[in-house]
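Next come the structures, one after another.
Below are two complexes that have subunit A in common, paired first with subunit B and then with subunit C.
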Partner chain A sequence: MNWWDLLTSLVTDHTVRTVALGTATLGAVSGVLGAFAVLRRQSLLGDALSHAALPGVALAYMLTGAKTPLVLMLGAGLTGFLAIGLFFIITRNTRIKEDASLGIVLSSFFGVGLLLLTFLQRNPDARQAGLNTFLFGQAAALLTRDVVTMAVFGGLALLVVALLWKEFKLLSFDKDFGSSLGLPTRGLDLLLTSLLVVAIVLGLQAVGVVLMSAMIVAPGAAARQWTDDLARMALLSAFFGALAGVSGALISSLGSGLSTGPVIVLCASAIVLFSLLLAPNRGLAWNAWRNWRNRNRLRTEAVLLDLYRMSAQHSDPTEPHPVSALAAVTGAAALRRSLQTLQTRGLVRPGQNNWWALTTQGLAEAQRMEAALAHKEAQ
Partner chain B sequence: MEEQLAVQISDLTVAYQEKAVLWDVDLDVPQGILMAIVGPNGAGKTTLLKATLGLLPTAAGQVAIFGKPYVEQRRLVGYVPQRGSVDWDFPTSVLDVVMMGNYGKLGWVRRPGPTERKAAEAALEKVGMSDYAQRQISQLSGGQQQRTFLARALVQDAQIYFMDEPFQGVDATTERAIVELLKELRAAGKTVLAVHHDLQTVPEYFDWVTLLNVRRIASGPVAEVFTEDNLRATYGGRVSFLSAARKEAA
Partner chain C sequence: MSSAQIEIQLIGLVVAAACALPGVFLVLRGMAMMSDAISHTVLLGIVLGFMALGNLESPWLIIAAAGMGLITVSLTELLNRTKLVKQDAAIGLVFPALFSLAVILISRFARGVHLDTDAVLLGELAFAPFNRVDLLGLSVPHSLALMAVVLLINIAFIALFYKELKLATFDAGLAMALGFSPALIHYGLMALVSVTAVGAFDAVGSILVVAFMVVPGAGAYLLTDKLERMLLYAVLIGAAGTIGGYWAARWLDANIAGSMATMIGLLFVLCLLLAPQRGLVAIAARRRRQRWQFAQTMLTIHLLHHEGTPEARVENRLDHLHDHLRWEAQFAQQVVQRAREGGLIRLANDHLELTAQGRQIAEQNLRA
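Now for the complex of A and B:
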């Protein structure tokens, strides 16, 4: 199958379409809520919550014997909420700090989940129920019914975010100020975290408990690189999440036995890497270029000022001077580049034997710079 | 009839894990004054503001704003938190932050509109930040951050302002701007309580002062209360530099 076939299968193949719609939905929902989680420094909470969902899945199956994802997801959601409750109780009532209590909650819930899962694996019925796909995700197992469920719950979560946009924004930026205005910040905090649980639970079937937290963190972290506006960040994060979901699901459908979760997460990581490197303003490549440009600019200005100071000792300041003395400080190659830059700007002109002179324009510019420096020092 | 107190705090006690941070603090703040709250590090100055605003659980005590409990009088109170208490890399603009001062009046779900925008722009004008309205907040200097927070509080259009170290780490321009703003607020009949660090400027910037070190040491007009004895009682032995400052101020 080539890439074109793969893309057209999005439209023509019912199964592929269902899987793509499902993973796009989960990506978009976890993207928006992940944007808030990243800004509120709750990435670890996302990790703990997704691991805490595993015992819920197993327990829901044990208690009801049902294999329908809705029931299993409800179970996952319940233990997720239980985990949040435990986390809040531990941090409020003991001296254990947030990161440690998250670690405690994560490992103990996940441990119970694994225990139940291995126990259930002995039972052939349970093996058939595909509970172990909840570990690493199996998007191919998504049915139309599941996608509808995801769309309804995800849509509701996004609707709440849209309605309470300004409240959530204030909560994330300045909680104390929000409380002073009378906002019930504790309740809002709990609500936003609960919506995060919804987003995580929606992704469990396709991505799995182990890697779901990446779908919370990665799109938000990538989106933050590209914009300085919360609304745009949330939209972009939704887009990145959906993109990672769809491309991951498609790629994993190429090989048999490829778990979807890891592939989706790798796609999300690629988006993060790309954003970290190349985003304007915040990207590493951008920073390196800006540093290089600043260094050049400063060096060029320094060369101009040096020439000016040399010329100040003579009656005609626009007479040429030997610049070999400057090369000792700046380095010959860098000095030549700086002089060339200055020449194209009409500030210096070459004389004989690698002697250089200020032009009248260059003299004026140097005087202006010197005055600006003196002014700065005076302040 | 005696004029009603802007803020009346009685028996306020706050404890973190059995250690008292504030102990039985009484404080009467008349209307229309600028009050500095001073004290050494760990004296509970910030805690006093936060507990008054209901941001911290209190072990005991009551707070009345114009004679009624704080929760009924929120709209009359403006708050300027410590500049360092938020993440200035948050993806938002100066104007957006200032607009947050409107959120209390707006109520649930409703979005800020043109009226709120105008109020925010007017407040930015007052603190000399009009040119920075669209600026991303991570690009601000410390002084500009402080002025942004002050503008947000002005938008609240409150009667009483609680400010947590408004002068902390700001440049000379901002310091002058804040002093002007404080005077304007007083002229408009507003009351200001500000946590303040620089003892030397207390007599110049404020007309009342509260000396705090877990307990309230003294509170009243600067001329009466800001004495070497009281300062010594507040700061313990570490006041040798104070007497020099006092002489300079006098």
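Now for the complex of A and C:
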């Protein structure tokens, strides 16, 4: 199968299309909400909340006996809310820090979930539908109906974000200012976190508990590298999430043993890595290049100034000097390259035997730089 | 009790103690979620070790897995140090990626081997007694021997470096100024967490390792301010949760590890509610007491303010408190009642007067 076939399978193959649509929807929704979570330093809340959904799913199944995703999602949402409640109670009233509170919520709820699941597993027909799907998701089993459910609930969540955009923005960047304006910050906090629960619950079926946290963190963290503007960041994050979803679905359709969830997460991680390295202004490669350029410029300027200072001791300031004398002053590192750079800019000219002299243009430039330095020192 | 039952409980106890000890330091140092990350990524270490060595029994696997724990920690720190993402996001990026890699590697290359992700995530304590080793001529469960060694390592490390750990945890700056390397202590602790996670997840699964590490420490943190006691209480909470959880699981015929984690969680909730001074009940009681105390002080100050002035007859009457202090009539009545019982004020005709004690309190508060 070549790349073209793979891409056309998006349109022609019903299963691939459904799965890709589902994971793309999920990626977009969790991308937008994840952008907020990353900014609000709640990256790991997603991890805790997805684990906290387990008892909800088990309970919903026990009470209704139905395996419809909607019922299970309601159950998951319910215990998700309980988990948020416990998290807020612990962090607001005790000295236990957020990380430990997350650990408590995550592991206790998950423990309860495991306990409840054992009751389900006595029922033989529940076994295969149970744990494994929930832990790792089963994107390949997504039905059109599931995708519609995801789109409806995800769309609603995004609508709320759009309507309360200004409030959420203020909440994320300056909570105290928000409450001084009379915004109900606690309520907004709870609402935004609840929307995160919605995104997580939507994703459980596709990527599972363990990897859902990556769907929250990765697109947001990647998008953060490309822009400082929240709206752009949220859109980009949605795009990255959807991209990871679609490419993960496509790649996992290639081979057996490639579960969709982990492949999507690896795609999202690749996007993060790419962004961390290459994003303009913030990326590591970008920074390294900028540092290198700056260092070169400084070195070249130093050579020009040295040449100027040496020639200032002569009556003719454009008198040539041997390169060895320059090397003695500046240190020999990259001297030749600096001189060549200066030459192409028309600031110095080579004489015989590796002697170099300022041009009149170079003289003017050096004088300007010297004046600027003197000015800076005077300040 | 059959010997298998005793052995399961023993394994649980040893796991609980081995996890609770480093867990206390994780809670204090604000790195609790690192245990979650490590307990997931050790799976990658095991897979890679298995692919290199070809068997699942080699002790090198434990080393490989613990090494992967340390790699997780340093990758997270590397990412954090670029300042491009915050620490929580760094954790949330690193461990799902490594874990996904492990899951894919297992399904591609290690299928059919006894290395299924369910067992790794959830553990199965009930089967632990079946896997036995000979130790000094005694046949003991493999998990028990392994975790006993881990527990001894943890006790030895904490006992040897107790002062350093304490100092680096509570005052990293001072520790550095005195010449201890916080980084060294940090990595030592993380190595401990990694080794413990590797040993424990065999028995209880990687997700519940977090329950055994973080929850007892957090509960103990609510009970005491002393590090020694916190370590002791954490072990006790873990142990009580383990035994209670075991019998609850027997009674309900349910997953043992899940039941233990639930029980530890319940013990934490008990601490959260009932801890002296820091529990929710104590906090609520303190807030109530402070509310009444504040109201009584307000009352004495109000009375002092108008004492001996012509308007005192009007101001210092019970039914005027509503107008002047914005108190509901019923609340005002209760405050006056309490202040009278406390000997701060007395009723003269139909207006209120300060007693000497009440005057003293008002003046004291005005001066402060």
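We take it that the second predicted complex is superposed on the first by the 357 of 379 C-alpha atoms of A that agree within 3 Å, B and C clash if a C-alpha of one lies under 4 Å from a C-alpha of the other, contacts with A are read in each partner's own complex, and residues count from 1 in each chain.
In this text, a contact is a pair of C-beta atoms (placed from the backbone, for glycine too) under 8 Å apart; a residue touches a chain by one contact, two chains touch by 3 or more.
None of these values were measured; they are calculated from a predicted model.
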Partner, of subunit C and subunit B, that touches more residues belonging to subunit A: C
Partner chain(s) touched by A:107 [first = subunit B, second = subunit C, both, neither]: second
Subunit B versus subunit C as contact partner of A:224, first or second or both or neither: both
First, second, both or neither for A:95, with subunit B first and subunit C second: both
Subunit B versus subunit C as contact partner of A:300, first or second or both or neither: neither
Subunit A positions touched by subunit B in one structure and by subunit C in the second: 95, 224
Interfacial residue positions of subunit B with respect to subunit A in the complex: 17, 50, 53-55, 71, 74, 77, 79, 81, 85-87, 90-93, 97, 100, 103-104, 106, 108-109, 111-112, 136, 138, 152, 156
Footprint of subunit A on subunit C - complex, ascending: 26-27, 30-33, 35-36, 40, 79, 82, 84-86, 88-89, 91-93, 96-97, 99-101, 103-104, 107-108, 111, 117-118, 121-122, 207-208, 210-211, 213-215, 217-218, 221-222, 249, 252-255, 257-262, 264-265, 268, 272, 278, 280, 283
Residues of subunit A touching subunit B in the complex: 39, 95, 163-167, 169-170, 172-174, 176-183, 224, 227-230, 232-233
List of subunit A residues in touch with subunit C within their complex: 38, 41-44, 46-47, 51, 89-90, 93-97, 99-104, 106-115, 117-119, 131-132, 135-136, 210-211, 213-214, 216-218, 220-221, 224-225, 257-259, 261-263, 265-266, 269, 272, 276, 282-284
